Amino acid sequence: MLILKPKVDFVVCVEAEITPELATKDLEEIKKFKVYYGKEEVELEKLFEITKQGNEKKIVLEGDFSKVKWIGYRMEDGEIVVKGNVGSHCGSCMKGGRIVVEGNADDWLGAEMSGGEIIVKGNAANLVGCPYHGDLTGMTGGKILIEGNAGNYVGERMNGGEIEIKGNAGDFIGTEMRNGKIVIHGSCGFVGGDMRGGEILIGGDFEIVPSFKRTDEGWVGDVNVKGEGIIKKL
Amino acid sequence: MEVNVVCTFCGSVCDDGLFDVEKFRSKRLCKLGSSKFSKKERIKSPMIDGKEVSYEEAIAKAAEILVNAKRPLLYGWASTVNEAIRLGIILTEKVRGVYDQCASVCHAPSILAVIEEGLPAGTLGCIKNRADVVVFWGCNPMEAHPRHGMRYSISAKGLLVKDRKARKVIVVDVRETRTARQADMFVQVKPGYDYLVFSALRAIIAGNADVVPDEVGGVSKDKLIELAETMKNAKYGAVFYGLGLTQSRGRDRNVENAIKLIQLLNRYTRWVILPMRGHYNVTGAGEVPAWECGYQYAIDFSRGYPRFYPNEFSAVEVLKRGDCDAALIIASDPVAHFPKEAVKKLKEIPVIQIDPFPNMTTLVANVVIPSAIYGLEAEGTAYRMDVIPIRVKKVIDTEYWSDEKILEELIKKVDELMG
Amino acid sequence: MVDVVLITGRTLDQGATVEEKLTEEYFKAVSYIELSEEDFKALGLQEGDRVKVKTDFGEVVVFAKKANLPKGLAFIPMGPYANQVVDPSTDGTGMPQFKGVKAVVEKTDEAVRSVKELLEAI
Amino acid sequence: MMLHIKNGIVIDPKNKVIKEKMDIFVKDGKIVEESEIKKDECKVIDATNKLVVAGGVDMHAHIAGSKINTGRTMRPEEMRPVRSKANKFRATVGRTLLTAPTIGYEYAKMGYTTAFEAAQPPIGALHTHEELDSIPMVDKAALPVFGNWHFVLKYVAEKDLEKLKTFIAWALERTKGYGVKVVNPGGVEAWMYGKNCRNLDDEVPGFNVTPREIITSLIKAVEELRLTHCVHLHCNNLGNPGNYQTTVETIKLANGFKNDKRPVLHITHVQFNAYAGTSWRDVKSGAEEIAKVVNKMDNVTIDMGQPIFGTATAMTGDAPFQFTLHRLLGAKWSNKDSEVEGGAGIVPLVYLPKNPVHAVQWAIGLELGLLIDSDKVVITTDYPNGGPFTEYPYIMAMLMSKKMREKELERVSPYVQKATNLPAIDTEKTLEEVIHMTRDLPAKILGLEDKGHLGVGADADIAIYDINPLEIDPSNDYELINKAFRRAMYTIKGGEIIVKDGELVKEVWGKTYWVDVRGKVELEAIKADLEDYFKYYSIELQNYGVEERWIRMPEKIVL
């Protein structure tokens, strides 16, 4: 297990593409792992206190990581526990393993994720499980659980996997979604634009696009793309 | 002596202006253009911390700030020419900063929409010749682009559509604007509901009116059907849209849905769509970086190569997130035009300003470098809102350096400092 | 006190003075709010009275003007006054929400700050 | 700087030098006689047993202007792959769509030193030149698009050849253009009404003319003006099954025209116009029919428009075709209707080897390259329509090796076996043939006398590759060929070494050629028409066009 703690207040954001894999390396190698600090490429030890305890594929991030981005990018297995907040792109393109964020997560949480599990105990910002700009497919597998609220753009162009939000969410839920499941226990804004398939369940209020058919099962659409997505009350 | 000038105020870039050099007065231009070509207070001299210095000293100080920053933000670029913008990209790449331009508080959501769906557009000349139906959606050219209607859209005399009578003008907005008063049809939408209105129109046009509820976004179904029919029956239609779509709820998705509507309409007849770009060369501020480094705005070079993440590299976000430690502001006034939370950061970090006029950013800038006014004192290339290149002219002499020259010297200084 | 949805945007006067931000003309062009006739009346305003505009994101004192607007909609020209109260969140797009912000408008005796004073207060 | 390239094995088809061991001398950017060189001041490049050829000439690529830039804007997913970080050179990014600096660098690395932008929208001419000015390393030029320009349609309708010629001269000067490009003549004007002109005899709405008349008149005008480059034609009916017949008919329009220096008609990216069958379900190759006609004629050339498996971006002045493609693929779509001049469209696509249609397209490109005489077919991908120009070495290798083709055929859809003749073609082009197809042939078609060869007086644009032509057997050593042509050992541009061992060593800026033929016409003849018709433009006549001093290194060719 590897424990990281920021040594300084970051003047600008840090980009640290660390995955649990790093915890299995020897300490010297870990210290020299390269991260970006503005335009500088620096060694991990310059910015973080590093403690290694055994070889478990697990990283614990202690302190404020809200200015640290790309944590768990492309991770395949193991575990990352963020004790506080985390910066954007956390768990993006993740294939497996588990990330637990005890605070809030920033934008692009689990973007284009294909497997594994992300749990956020606080809120998540925007673009949860979305495709990066220009890409045709967002999340394809795995699960994202947000115990608080989420912002705009959730599960856009989603093609598999599940996103569950215990609180409320913003606008554009499941836009152009093709497959998979989104569950929102609270309320949200615009839902289902150009949805082709998949399922969205909502506990509270929501604003559906006016191109869905009302059926016994729920709302089916978006008819504008001959979609067969289903939106139901939870 | 009267000479032809190309107006460097708004995105219409009217090129038929006349300027009397002796009297320092323009003709034919609108209120905005006339203000551009009138005498105004200028920044008198380069300054460092309020003290007048030479261009060389100010540029040396600016270079030092940029080189010492961990991540400088280089923002603005909408009211300068392509030649300067290109140097700006090269400079940003060298100092590994963030390039962002005024579109990020203007039509940047349009770029996001274009990424999703493309842009089925036409030039203003094509629209004036052919468009028998013109829709202004969330834009108000009578205030923001005053000669647009006369030159290109509302009353322009075209090849196939000869005059105003032959053209149907529709305004869709949340309020009855001055432009709306000129329209044949006004559709009032509830603020923040344009997205839904586009979806409804798409459903009606594709023959799925049955699913559309009786009212969408404050617009009755009957009105929606009327609008849909008018659009479908046009021979050649044009939608101009503005910040009413990009700055309100829905932002990029509003535009994306509008583009999807246009795609659909092209299955039945011809339609094009164009953003009403604000500053005279805000279009160039996106086009130039696109060919120089692949993206239009919100470009980070910290890793030595360009990356595009508008959610974090657009200027407002960079400032709000505390993700820059110095800024160069050129041809723009973010202190006046950014939300106060972003302005706060600009007050805390070293700021370099390059601009002809004193403005609110001058009040927070540590290094101020005055520049020549393009279109009047310096020439260069600008892109009209429809991405048509027009050379803006130099019609009077000046002692002020052009942005191009300032940036050239700045790059030299940066090169020296970086070895 | 009235509840409104606030939008901001360009105007001719704002545009014509935008390169002279430290002048009286610019100040005049951007330091007001347009209100519907109903809202104007409800607040008991006279043309030129001052109002305080409050949102979740800040507050600002501006002059009040009557305009042809639907009840509940208000407009401030783009610029430093509007930017005291607009929604700075960009919701993943990079674009703040300059239009469509919920606001409360009330009559006030407080003075309208100059642009310099506004900046100092940030 | 002077150079002495020593002991190389030279292939210089134009000068009939085939695999000869010889030295090349360079002074002041030109190839010179040995006697002009001072040996002690000269840098010697040891090219012992290495292939020495002229720098490559790309006569048809979309490398600059509003189309590719809209492509970039639309496709951040294409721009995301990083090629190199900024250092002494600019950062380079892009998968197949590349930034302007990257385009220049990649051509140079491949040993190419000249590249032409194949479609310049006239009113956007300045944009095209700005981007060309941001492409380092190569010489360049742009071909303005004429085939739907109202002036052209009007003069063709009026059968006023003199005015047509005058207009061409005026337009080339205003756009700082190089030659006459024609894209779907009449069809793009028809698109303004939601229509197309798929056949040569379809009438263009609003004008009493047909594509046949437009093409014939333009050939006539260009030949009477004796322009350096012939009419460069993107045919009608592009991208539709059955279209090979339109192409065959179009090629025959060159009958009766003669030019002793070059062809009178160049048909571009013919792969997209070489489909038999009636729909995408039964599409077949029409390459053989086209090859037969081209081989029979002595005044027509073509380029391949070879698809490369992977991502690509369709971008053409053929706006109605782009809309069809958008509907077919359900992909994002940009369109630009341009004043009274024409239009354009952009749609992303991907060529998949297992997709029967894509595989057929891929095979057709190769068939054209193999079946048509080497003196009449140029290697192109119609970048980025067929894919990246950086894959030219792959095409060169494929044309030279049946074995490589057999290997490649194994990974593509078996549909090509019945829908094309590629599997049965035994032809293997020789090294000198593919050198010809990438150097002196395109230079000849473009009328660039100092390009594409290594004779004395030629521009010192030279590529040296790490293969020994005397030993290599391209038929078997295709992997070596494919590798060697990607990374030049040396690329020399205007006498300067810009690439060594496949890496950039120096950034240089090439010339922009344009053709001034105003001396052959009376511009006065169209003055009134211009003044009258410019009321249908959105900019003033006085502000239309590009001045020479706005271009970094203009090179005027006065005829």
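Read from first to last, the chains carry the letters A, B, C and D; within each, the first residue is number 1.
The rule is simple: a contact is a pair of C-beta atoms (placed from the backbone, for glycine too) under 8 Å apart; a residue touches a chain by one contact, two chains touch by 3 or more.
No experiment lies behind these values; they were computed from the predicted model shown.
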Farthest-lying chain, centroid of Cα atoms versus that of subunit C: D
Most central chain, judged by mean C-alpha position against the global CA mean: B
Pair joined by the larger number of C-beta contacts - A-B, A-C: A-B
Inter-chain centre distance, subunit C versus subunit D - centres from mean C-alpha coordinates, in Å: 56
Centroid distance [mean C-alpha coordinates] between subunit B and subunit A, Å: 33
Length of the line joining the C-alpha centres of subunit B and subunit D, rounded to whole Å: 34
Residues of subunit C whose C-beta touches two or more other chains: 91-93
Sites on subunit A at which at least two other chains make contact: 107, 126-127, 133-134, 171
Contacts with 2+ other chains: residues of subunit D: 74-76, 80
Listing of all chain pairs that touch each other, if any do: A-B, A-C, A-D, B-C, B-D
Touch list for subunit B against partner subunit D, complex: 4, 6, 15-16, 82, 86, 90, 93-94, 96, 111, 114-126, 128-130, 151-152, 157-160, 235-236, 263, 266-267, 269-270, 272, 286-288, 290-296, 301, 303-308, 381, 383, 387-391
Residue ranges of subunit C in contact with subunit A within the complex: 91-93
Subunit B - residues contacting subunit C, complex: 9-10, 31-32, 34-36, 40-41, 104-105, 108-109, 112, 140, 142-144, 146, 174-176, 188, 191-192, 243-244, 246-249, 251-252, 278, 297-298, 310-311, 313-314, 316-317, 320, 333, 335-344, 347, 356-360, 363-364
Complex contacts: residues of subunit A adjacent to subunit D: 132-135
Subunit C-facing residues of subunit A, complex: 107, 125-127, 151-153, 170-171
